[in-house]
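Right, one structure below, let's go through it.
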Amino acid sequence: MYVGIVVGSVVATRKSDDLVGHKLLIVQKMKPNGEKLDDLEVSVDSVGAGVGEHVLVTTGEPAKYVFGTSEISIDSAIVGIIDSMEYSE
Amino acid sequence: MYVGIVVGSVVATRKSDDLVGHKLLIVQKMKPNGEKLDDLEVSVDSVGAGVGEHVLVTTGEPAKYVFGTSEISIDSAIVGIIDSMEYSE
Amino acid sequence: MYVGIVVGSVVATRKSDDLVGHKLLIVQKMKPNGEKLDDLEVSVDSVGAGVGEHVLVTTGEPAKYVFGTSEISIDSAIVGIIDSMEYSE
Amino acid sequence: MYVGIVVGSVVATRKSDDLVGHKLLIVQKMKPNGEKLDDLEVSVDSVGAGVGEHVLVTTGEPAKYVFGTSEISIDSAIVGIIDSMEYSE
Amino acid sequence: MYVGIVVGSVVATRKSDDLVGHKLLIVQKMKPNGEKLDDLEVSVDSVGAGVGEHVLVTTGEPAKYVFGTSEISIDSAIVGIIDSMEYSE
């Protein structure tokens, strides 16, 4: 999993059936010290995240299980909203 | 998932049986602000996408489910056509 | 799998049900000679690891099985605490 | 999937049982315009590809299904031989 | 799969049950021409490989099947010992 910040959202009317009803958010990877990294991806929200929030993102095959099924074409899910981090370099 | 732009297509007569009948498109990764990145891959269309369109791409194991089966040798699928994006750096 | 050092932890009150009760640690990838690399991720502990320890991390789909199930939205797990490494460049 | 060119082959007498009888080819990733990239990997042939041919490669979990089973330790398969590509930068 | 050279090993007494009895080797990725690359990972041996040998490594979900099960927290396996490679740049 990685730590990211929600920086936007995507609207797609024509899409796979299994994406219907899901919120597609743009997440930018960040370091625990707050520094934003270049990596951006579209992740499906599962916890009610909004723009500006620090989130925990699961990618790949395991991301599907947040949605209660193994048969869904989702490869990235926001699985938590981060309250705090402790980190020493 | 990532945001990309369809920049071309691939023709392969000799191919795996499970690819027959599928449209193989070349997708270039882009940032939400429209800047094209270096990453290019071949993705299988599932939504009727065409050259020049901004698309949403799912990769890896989850990409298979757009095609209604878990037993297919496809590791990247176009799962949506993007209408709009909101994004603040 | 990769070798890393535990450098911190993450607290997330609002999170996916299958993450409840798991310790979310921040792991920094390192070379066997001790040099820290730039890669950081959040990994779920399964062996009682703590900050400063050198750990072995499994990522992707296989990480789920440390937790005795295939239906969990975890893509990275600490699967061992490293006692020693032999390494010649 | 990615586009590559077959640049060599690997011989391994001592190997996993499920690799026996499979042709192990070295594939170099390329851009659609023919420019070779640095990435090289060993991919298992499924379409009768040979050195110098442009091929389509599937990686990760989906690569297994070209061989008609989900229980095989293959993470990369050549799934097509490319006849032509259309591509505009 | 990738070509690598075994450069070391890892000892971990406290570890996931499914790793017990497996040899954990450090593998450095290399080009077919022998040039070592920066990438290093810990891979589980399945063919009796030793330090200095050139090996073939499978990563991700497919790596599990070398060990005869889909329910094991292993994401990288040495699946062959390389006798020779033919390669032209």
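Order of writing sets the labels: A, B, C, D and E. Residues in every chain begin at 1.
By definition in this document, contacts are C-beta pairs under 8 Å (C-beta built on N, C-alpha and C of every residue); 3 or more make two chains touch, one makes a residue touch a chain.
Bear in mind that the values here come from a model prediction, so they are computed numbers and not experimental data.
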What angle of turn lays chain B on top of chain C when you fit their CA atoms, given in steps of 5 degrees?
145
Numbering shared by both copies at the chain E-chain D contact, with half separating same from different:
different
Rounded to the nearest whole Å, what is the centre-to-centre distance of chain C and chain E, using the mean of the C-alpha atoms as each centre?
19
Whole-Å distance, chain C centre to chain D centre, using C-alpha means?
31
Identify all positions of chain B at which a residue touches two or more other chains, and write them in rising order.
60-61, 63-64, 70
Is the chain-to-chain touch network here best called a line, a ring, a star, complete, or other?
ring
Around the ring, chain D then chain E onward, we get D, E, C, A, B
Contacting residues of chain B [partner chain D, same complex]
7-16, 18-19, 24, 26, 40-44, 51, 60-61, 63-64, 70-76
Using the touch definition from the top, list the residues of chain E that touch chain D in their complex.
1-3, 31-32, 46-48, 56, 58-66, 70, 77, 79-89
